[in-house]
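First chain A sits with chain B, and in the next complex the same chain sits with chain C.
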Partner chain A sequence: MTNPLPVPAPKDPQKRTVVPTLPPVKRSRAALGLGIAAARGQFALQHCVDCGAVQYPPRDACCKCLSVALEWRLTDPAAQVLAQTTIRVSPDPYFRERLPWRMGSVQLAAGPVVVCHLHGEVARGDGVRMALKLDKAGQGVMVALPLKGSETMQDDPTLRAMSCDPKHRRVLITDARSPLAQPLAEALQRAGATAIFLGEAESWRRWEGREALAAMENVVLMPLDVTDTASVARLAAEIGGKVDILINTAQFIRPGGVVAGDTVFARDGLETNVLGLMRLAQGFGPAMCARTADGANAAVAWVNILSVQALAPDMGFGGFAASQAAARSVAQTMRGEFSASGLRVMNVYTGPVDDAWHQPLPPPKVSPKALARTVIDGLVDGLEEVACGDIATDALDRWLSDPALLERETRGGHS
Partner chain B sequence: MKRQGYDGVVLAVPVSVPYIRYSNETAHWWIACALRAMLEQADIAPRDLDGFSVSSFSLFPDTPVGLTQHLGLCPRWLDTVPTGGASGVIALRRAARAVQAGDVDVVACVAGDANRIDSFRTLLTGFSRFSMDATFPYGFGGPNASFALLMDAYMAEYGATREDFGKIAVAQRANALLYPDALMKTPLTLSQYMDARMIADPISLFDCVMPCAGAEAFLVMREEEAKQRALPFARISGTIERHNAFADDPIQLRGGWVMDIDELYSMAGHGPEAIDLLQTYDDYPVISMMQFEDLGFCAKGEGAGFVRDHDLTISGDFPHNTSGGQLSVGQAGAAGGYLGLVEAIRQVTGQAGGTQVADARRAMVSGFGMINYDRGVCSAAAIIEGSGR
Partner chain C sequence: MSDAITGLAAALAGGQARIVDLTHTLDADFPVIVLPPEFGQCARFRMEEVSAYDHRGPAWKWHNLTLNEHTGTHFDAPIHWISGKDVPAGAVDEIPVEAFVGPVVVIDCSDGAARDDDFELTPDIITAWEDQHGKIPSGVWVLMRSDWSRRRGADYLNMREDGPHSPGPTPAAISLLLERGIRGFGTETVGTDAGQGMHYDPPYPAHYLLHGAGKYGLQCLCNLDQLPPTGAMLIAPPLKIKGGTGSPLRVLALITGDIE
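Moving on, here comes the complex of A and B:
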């Protein structure tokens, strides 16, 4: 049983905000594969293509047959704890602030012995399920989780540090008019978020759904126009220091290809989807990065809702797709720039959302509700790269396995 | 093929440069101090030193190559032994064969390391690729945490208690009080051991060595050379070495000695009963207990009972780590892998002073090195025998 996380006390402005430190960040090139799997919520290890031996720690050659053909494959996460310890002394600044720290050694059913973080509900002899999680350094690490955890298992300090759980956190949703805003606000409330700020551009324009949102508990509508630098700066000055999770739902979408497309729409798309993201990063990024070690409701995550067209364009939306690819590139730079603070950038790639702009398209389409659920699950699991809906999941898999082939398939002409 | 003995090759001039907890001096400085003291005793000019074997973690960016120029040496045989706690015995093995084959006449084996403030953390950070990838991100407890897992599993498997490990540490402290260069100078009682704060459960404060700066050294040469120079010497009865043994054991409850110990005794022509004193590699008492078993002094799992039944002090029935070991003298990096061997040479040549075991003729020295990922990878052992003078 894990002690439930207490509601964080209000911030004491007389105290210095804890400066973020990171666990050890350096890894070999081979070990970066752990992070790739962790970012997607998968448990994968190197397997020898020639003899099948499962490797850990990550290697450059098989420890059974010396083959250099090692491949990352999904692996059975079942394991048993062989030994445990509680570290009470560490020279590393990150762990020193978090002592005592439990770790152990587990035997994977797949073969290798893994030194790992131990969830508070597991001990020597227990059967466990291993997970790869991103730690504050953004690296993939092994955590032994209980086979059947208690209701509060997510509140375990080790797991909490690797998750971006909205529980007890304050969230900014940048565009209240997005069809995603209401289901997202409702899902965040259910997940235990304590405050939800909703950005509203051009509040003089009436829009459907405003009243329902405004009536929700702990939800506040606030002026925010991502196409206006001054507006972003104003809101950042007001609430930047208490945004723990930012979810960018602001999106400008119009159909149209390149040759016959409207460049005004394309420009508006870039203005909102790319430059808007940059403005938000400039306005809210520094304050969030400064607060990544600020107690139980420290800043943890930045979420970008991107169309899966960021990876491969749909010809009917060429101008919009360009803005999504550009936004994805901006997000990658943000990851680099935020890495020293441990603030996570989660990209959620979605297939066509079931909204007015995709109305003529055939199914499958993503319901805003399902998209909201994916966002919350991704935050709880601490992911970086998430697909929502069948189309996006399929496209992301194909992109990961062969981007050049995906491009040819997208271009058409194959049977 | 039956291995050849080490006939005609001897060890002489054991030198320990007194350790310091923190020092701004470099590994070069410590190695130079050891070398100078040793060559003076043997009456060899630095320029005339024939062979040089070096173990150190803190020479960077130099290697022993840089040391030859730095120290003005011109050896025709140069070796570097990177096996940490197994460095002493392994340096001895390499040097003895080279001397025996006539590739070199005299080899100076030296281990030394610096210890500035924060250099232990820096050393750990770059220790090995597996530790960087797969142990340090998990709480950064260093070797304390890694050995805590082994000790936890060992206690659970064999029923050893903290008192049993405490007895090893307490006996070594008693020995150290007779060794003037030990960093620990106050007596240690079992209740102090038991009451000490936990570092990484079940490892507590007095299970841990203190990182420090220092150097250890000895010479390897032909027997007639030692006689000519009127140096007391020790003969080599047998040696073994092994790396990455029992890779399929899920957790390390035995070391590589198990694979080779029979050969060691058969080379020496006797069994464990003929050993007068034992120097184990004691980075933690649990590792010493494991060596009692793996070196054949008791059966696997009976280490705790063996400790209960024996007196491990200098005057006891099983003299062990007679200078106090790393637990009480300090761990000067790679010199920790030499400490037991250098003390053993002093013992069997009657030069141990305050720690001298009465009638010590045969000593066993064992080394254990490099926790690359989840276990110590290198193991080694040697039996040496004094000639009297």
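Moving on, here comes the complex of A and C:
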């Protein structure tokens, strides 16, 4: 049983905000693969193509047969704890601030014995489920989790440090008019968020659903238009210091290819989807990065909702797809710029959402509710790269295995 | 002629003539017309700082602007509408400058607009006005006062599920004004037509009939309550945009001052 995380007390204004520190960052090139799997919520290890050995830690050659034919493959996460210890003294600034810290060695069913972080609910001899998690440095690390955890297992300090759980956190949803806003606000409430700020652009234009959102508890509508630098700066000045999670739902989408498309719509798409993201990053990024060690409700995550067309365009949405590819690029730069603070950038790739702009398209389509669920799950699991819906999941898999092939398939002409 | 100008200058200096600003501030939050989303939209006013006495330009501050020809208080040229696309000198850069300065009359519809969001300017209202102030002379601007410019936020466009609701002229009213030979027609609302103007025959009669006849439009005006029904002079020069269908502009009115 994990002690439930108490509601954070109001901040003492006479104390200096804790400056973020990071656990060790450096990794070998081979070991970066752990982060790739952790970012997607997968448990993957190096498998030797020649002799079948599974190895950890990752290396450039097989520890059994010296083959360099190594592949990252999904691996059975079953394991048993061999030994446990509690670290009470550490010279590392990050861990010093978080002592005591539990670690142990576990025997993986797949073969290797690994030294890893231990969840508070596991002990020596226990069967456990191994997970790769991103730590604050953005690196993949192993955590032994209970096979069947308690209801409050997410509140365990080790897991809390490696997730972006909305519990007791304050969240800004940038566009209240998005079909995603209401299901997201509801899901965040269920997940224990203490305050939900909803950005409202163009309050001079009435919109359906405003009253329902405004009536929700702990939800407040605030003026925010991502196409207006001054508007972003105003809201950042007002609430930038208490946004723990930012979810960018602002999106401009219109159908139309490139040749027969419309540069006015394309420009509007770039304005909202790309420059809007940059304005938000400039407005909210610095304050969030400064607060990533600010107690139980420290700033943790930045979420971008992107179309999977960021990876390969759908010819019917050429202008929009260009904006999504550009937004993905901006998000990658943000990851680099935020990395020193440990603020995570999670990209959620979605297939066609069941909204007015995809109305004539056949199923499968992503319901805003399912998308909201994916966002919350991704935050709870502390992910960086998530796909929502069959189309996006399939496209992301194919893109990862062969981007050139995916491009040819998207272009059409194959049977 | 020089006497006239000297006289005007003296009247302005002495308070016998006064200048009224009929222009809204160009502001990112000022409403623009909203069309069904599959149509192209009017760009909102945006101002992006280029430098502000800083590393981007140490001694100066300036901005890049983004806006539509029809953002904020603006002028409509004949080529704005399909009916006026072949009107000679129908673009803002081609219109003779004499068109931009001229007499103006104001028809007060503020009582009716306060009672009814869809208040219509009809021929009866125009003839009743003429009974009081005399026949509308040719070559004048006619402005429809509705006090709509005092509305704020969502009440300005007043969008409902069936579209916007705001006052405007009927087709017959515009036809009558065209018979009088007016120069143009202006309103306090977001367009020269009523919010529900799409249901008239022709749809959007102010746009269709005025521009088809080579006349001009002004919209998003304010301070019309400060103008007399007759006797004022309007100064409304749009930007000289090549092939421009309209332009944001500063609209000024010269009125007789209160000072004796």
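Going forward, the second predicted complex is superposed on the first by the 415 of 415 C-alpha atoms of A that agree within 3 Å, B and C clash if a C-alpha of one lies under 4 Å from a C-alpha of the other, contacts with A are read in each partner's own complex, and residues count from 1 in each chain.
Definition applied: a residue touches a chain if its C-beta (ideal position, glycine included) is under 8 Å from a C-beta of that chain, and two chains touch if they have at least 3 such contacts.
These figures come from a predicted structure and were not determined experimentally.
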item: Which of chain B and chain C A:Ala230 touches, first, second, both or neither; value: second
item: Of chain B and chain C, the chain that contacts the larger number of chain A residues; value: B
item: Touching partner for A:Arg73 - first (chain B), second (chain C), both, neither; value: neither
item: Touched partner set for A:Phe95, first chain B, second chain C, both or neither; value: first
item: Which of chain B and chain C A:Phe265 touches, first, second, both or neither; value: second
item: Interface residues of chain A shared between complexes with chain B and chain C; value: none
item: Complex interface listing, chain C residues touching chain A; value: 28-31, 34, 37-38, 40-41, 44, 46-49, 153-154, 156-157, 159-160
item: Complex interface listing, chain A residues touching chain B; value: 23-24, 26-28, 30-31, 56-58, 63, 82-92, 94-95, 101-105, 107, 113-117, 124, 135, 137, 139, 141-142
item: Interface residues, chain B side, partner chain A - complex; value: 118, 120-121, 124-125, 129-130, 132-142, 144-146, 148-150, 152-153, 156, 197-203, 247, 250-251, 373-374
item: Residue ranges of chain A touching chain C (in the complex, touch as defined); value: 202-206, 225, 227-231, 254, 262, 264-265, 268, 356
